[in-house]
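Presented sequentially are two complexes of chain A, the first with chain B as partner and the second with chain C.
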Partner chain A sequence: MGYTFSSGYTVLLLAFGVLPTLYAIFLAFTKGGAFVGFDNFAKVFGDYRFFPAVQHVAIYLVVYLVCLTLFVVLLALVVHAIKVRWISTSIRFLYYIPGALAGASSVLLWLFLLDPSVSPVAFLLKAMGLESFVQTVSIDNLPVIFTVIAFWTGAGGWIVIMYGALNNISNDVMEAARIDGAGPINTARYIQIPMLRKWISYMGIMSLAAGTQLFVEPRVLSQASKGVVPPDYSLNQLAYLFAFRQGDFNGSAAISLILLVVAVGLAAFFVFRGGLFERD
Partner chain B sequence: MSATNLTETPEVTAVRDKDISPGRWLGRALAFSVTGLFLVFFALPIVWLLLAPTKTARELLLNNPFSFGAFSTLADNWNQLTGFQNGIIFTWLGNSAFYTGAALIIALVVTIPAGYALAMTDFKLRRPLLILTLIVMLIPNTALVLPIFLELSAVKLIGSPLAVILPFSFFPFGVYLTYIYFSTAVSKDLLDAARIDGAGELRVFWKIAMPLATPVIALVGFFNLTGNWNNYFLPFVTEPGRKSPVQVGLAELLSNVPLFNPTSAGSVTIDLPVLALATLVSIAPVLIIFLFSQRFLVTGMTAGGTKE
Partner chain C sequence: MASQHRRFTGTLALTAGLAVVGLLAGCSADAGPTSDNGFGFAAAEQDPDSSITVWVDAAREPIANAFKEANPDTPISIETYDGNAGGSDSFKTKIALFDQSGEGWPDVVFSTQTNDTSWAAKELNGTQAFAAPLNKGVLDDDFLEGFTAGANDPMTVDDAVYGLRNDLAPVVLWYNQKLLDQFGYDIPTTWEEYEALSDDLAADHPGYILGSVGDSFVGTYVYYWGAQAPIFQLKGDTFSTDFADDHSTRMTDLLDHMVDNGTLIQDSVFSAGFVDYADKLVATPGPAWYSGAVFQNPDNLNVPAGEIGAAAPLYWDGEDKVTGNVGGGVWYASSHSKNLDAVSDFLEFAISSDKAIELASGLPAYTDASDAWLATQAEGGYFVGDFEGSVNTAAGSVWNGWGFPSFSPETAYASVVVPGLAAGKSFAELVPAWETEIKNQAQVSGYTVK
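Presenting the complex of A and B:
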């Protein structure tokens, strides 16, 4: 019976989870159908655009993860401390709503916000010495810009999740802390944050894995800035260029496989070591 | 009533005043400003986006960013948007609706029974299937885009609607949510009771498990729909040209905006307010779903997320 009920899903899992992975492995190690060992990888590693792309993605990830962890935990604690129910619900909802804008829409909206000639926060941009759109999206600013966009769309969802986790801390524990004279900061430091640890690391790994896949943000910005943002800024963009500009599907598969191994590695580490999903 | 209130109020304030030390007062002020600052950060761009399409390109540059233009300008901008390439925006929106709608139906039909089977029945491949689901669930969906493209291209499906609908219907996160829901919220005894009464497996699932699962079905549907509506990378490579969904079309529109693209090849140019309007139109369906499911999101999401 279990087989019948799960058969439809199993077919999709094989077709769009397992099979593409196997196909990517096959392509990455072959050329024209013949086994070539690590040749494709060597070529990709040797490409002059590869290490800059790795570097770009890595810097972005550091900036993004630090900001995300710091601010999401802080905002969740503050929202959780608000005792008036409707205020707390409304604030959570307002934080959450940019999540409706993901993909190209959010980047497009941020194009406006980053252009000093139309931006509603032009005074901020100008105060930082940014007078034009091209100046704003200069390559050194990109990690911060991508962080702002990703944080704007994604943080609300994590704040709601952290808020839920904070709600799960039993009242007895919080009461005991209060009686012992712990203020909000000590309560957060010694009780709430340690109890959030599992969720914080879950957020970290998920965001790390997702961040390695950077594509739509640099692609749309590159399109809008006529080359100020290079079309090979991120690894996924490079994989795209290999496949569609150079017709080199094997090289593209090699990059995809590297990204996939990173993502699966992080996921597996979390499933087996993190213990979040242990239930039986 | 009022008499008791009068006697109570001074007492309460007295206690509060005594409680709040200068340090704690400072802490509160800090927390208050942090909340306010981030509220502005999250909400301000949306407010701006709602107002921008009511202005002309000139007004957008010169007027106060948060002023309201005119309804007639909004109508003009709308006409310019719908006039672009004979209303291709409607084609894009229609594509999006078709792809995400079809994917939603398939996803629900395969996801809910799978989660049910993993939670409520025993079979040999149950554990491997569960572990595989957990791992695939944690892979960001962009990670598989190029391999899926290569696979679809090998079976000559590129450009067919199936090239986005089928990958969109594969939704391991939904299976995991359903699995958690059934294994924590529905008791096996209830199902066994129905079996003893002579109900077949299909009947037990349809008449007993499904009605109990309404909240999780809504949740799975919500995440599937909004995630797919906003997906860019996969349709970008598998659905070229007129078959694009609106997210891909939007980026296409961008190449006709002179400000961002001084050498734009197209003879028809797009003004900034029109681009803002297009952005708004592209997210309107998801925004409306968000507004209507507000309560259920802010509470329901945590209910699903925090069960351990």
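Presenting the complex of A and C:
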């Protein structure tokens, strides 16, 4: 029976996960079907767009992951501390709603918010010295903009998960902390956050995977800004350009493989540091 | 988290898609076109009942629908896409995927970019060139001879015509006669007079403008191309760009001067903010298609009749009277099409029919159509001055030193110059980074950079 349940997943994993990966590995080390060693990788490393793209994604990941972790944990703790049930439920619902918007449509919504000539929050943008859409989407602002968009669409779901995890902390533990004189801050610091460690690691891995694949947001912004946001901003975009603008599927596969190796390495770090595979 | 899951699934789907098209490419390697069939290339086996798929941008959708209505027996499927506008490369991207899968190509494609021939006429990754040569049997010579001289040159390789020009887009000098009369200015005829006018205007009537540098097509095709600046040149497979040339530096200085005195603005001509200049635009160099897209457009400047006129293009005093060119769409036919008869019927209809003239928003490239279109525009009484003569002059004087490589100059301008200007830098300060970006793009596009 167990095999039946897992077979569907296994078949899909093979068809859409393992086989494409093997095909990408084949492409990355060949050219026109012939083995070329690391030539494709050398070409990618030598491309003038590669390291800026690495830098863009790295800066975005740092800003995004730090903000996500801090605010999700903080907001989950705050919501968990609210004892009035309808307020707590309403807030969780509100947090979750933006996540219902698909990636591209949420970017479209943000296009309006980020354009000072039509934005309902134009006064905020102007207060920050941003008078035009071109100024708003300047390359230095993009990590923050993408972080805001990703947080807005994704954080609600994580807050709800963290809230669930907080509910799982035994009442005895919480009561013991209270009896020992721990206030909300000490309880969070010494009890709740350490016990959320696995969930935070899980969030880190998933968000890291999503973050390294940054594509939809810069792609839509690039088209909307008529190219002011460069079409080669992220690594995934660069892989896309290699494949479809230059017709170089081998170079594209090499970039994908580099991304895979880095993402797996970082995920392993989160898994071991977060004790994700440890049993309580 | 929902978005992560979606993204993860999306990535899986994309990866799987790539794998599948890759496998299909392997399987379908032998299933290509078979014989010449009298079309001058290895065409697919023809089937008169086969439906043709036509890709158009939003502006060309009406003419495609008109063909469908006029030819109810021709099976046709019309799909709209972004028209490859702004160097988006969507045309090339989609064709690359069909090349991989070995099927699915559209039969006719409209592109707003004139430089697609550089890749569409070449075999890519072992797949036959997408664009079909049209003068070897697909279309009659009589029809092909009806184009304005030189209109199809950018799409002609070794005497084979790979695309048909839909419209010409020579740059003229648009002016507002009402404002010129009110301020007592003459229409400038040279770049020097244009710059001098900007000083008078800035001093006496601040707030009024002489154009915009906020669009990548304006900066490149209107100003630098019109100034004969050799910043985008192609000779064989050798690409060169020379920002130190006298023509380039003079235009750079002119633009910096006019941005400084406020007569050149940074808003895109299609931005929400540009509409505010409806009664502030005294003159501007711009393509012929500004007539419908900017001046007579209720969503843009919407200037009343009797105010706007087109004058002959600006040129450097004492030099050749040449001008720039902003696009001019191109129709391509697929070399994979199974119904080239229907394709040729469609192309002739879209380019030279009465309906095409009626629906044209810019100067048609087909002589009969352009004569009729110009006459209609002139008779309409909207434009002042010698509209017909000026546009004709411009159409015959596009500078032929500009190149058509497989990448667009617009992307470098958009990513380097537009944000640089917004950050307060001058053209002169931005030129080194701009030049580097253009050269880098040429290099990764496979050209030898000089």
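Quick note on the criterion: the second predicted complex is superposed on the first by the 253 of 280 C-alpha atoms of A that agree within 3 Å, B and C clash if a C-alpha of one lies under 4 Å from a C-alpha of the other, contacts with A are read in each partner's own complex, and residues count from 1 in each chain.
Here, contacts are C-beta pairs under 8 Å (C-beta built on N, C-alpha and C of every residue); 3 or more make two chains touch, one makes a residue touch a chain.
Treat the numbers as computed from the prediction; the structure is a model and nothing was measured.
One of chain B and chain C touches more residues of chain A, and that partner is B.
Residue contacts after overlaying the shared chain place A:Ser117 against chain B and chain C alike. In the overlay built on the shared chain, the residue A:Ser132 is in contact with chain C alone; chain B does not reach it. By the touch criterion defined above, A:Leu266 lies against chain B but remains apart from chain C after alignment on the C-alpha atoms of chain A.
By the document's definition of touching, of the two partners only chain C reaches A:Arg245; chain B does not. Of the two partner chains placed by superposition, chain B and chain C are both touched by A:Ala15. Judged by the touch definition given at the top, the superposed model places A:Ala150 against chain C, while chain B stays out of reach.
Of the two partner chains placed around the shared chain by superposition, chain C is the only one that A:Pro230 touches, whereas chain B remains out of contact. In the superposition on chain A, A:Leu94 contacts chain B only, with no contact to chain C. Contacts of A:Phe45 after superposition: neither chain B nor chain C is touched.
In the superposition on the C-alpha atoms of chain A, the part of chain A touched by chain B in one complex and by chain C in the other spans residues 15-17, 19-21, 23-24, 27, 99-100, 102-103, 115, 117-118, 133, 157, 161, 206, 209-210, 213, 216, 223, 225-226, 243-244, 249, 256. For chain A in complex with chain C, the touching residues are 15-17, 19-21, 23-24, 27, 47-49, 99-100, 102-103, 106, 115, 117-118, 132-135, 138-139, 150, 153-154, 157-158, 161, 203, 206-207, 209-210, 213, 216, 223, 225-231, 243-247, 249, 256.
Here chain C touches chain A in the complex through residues 1-4, 6-8, 10-13, 15-16, 18-19, 22-23, 82, 86-89, 92-93, 96-97, 99-100, 124-125, 214-216, 266-268, 271-273, 410-411, 413-415, 418-419, 422-423, 440, 443-446, going by the rule given at the top. Residue ranges on chain B touching chain A, taken from their complex, read 23-24, 27, 31, 34-35, 38-39, 41-46, 48-49, 52, 60-61, 65-66, 109-111, 113-114, 116-118, 121-123, 125-126, 129, 131-140, 142-151, 154, 166-167, 169-170, 172, 175, 183, 201, 205, 226, 230-233, 237, 247-248, 250-251, 254-255, 257, 259-263, 272, 275-276, 279, 282-283, 286-287, 289-290, 294-295, 297-298, 301-303, 305-306, 308. In the complex of the two chains, the chain A residues touching chain B come out as 1-6, 8-10, 12-13, 15-21, 23-24, 27, 71, 74-75, 78-79, 81-82, 89, 91-105, 108-113, 115, 117-122, 133, 152, 156-157, 160-161, 163-165, 167-168, 183-185, 205-206, 209-210, 212-213, 215-216, 219-220, 223-226, 236, 239-240, 243-244, 249, 252-253, 256, 259-260, 263-264, 266-268, 270-271, 276-277, 279.
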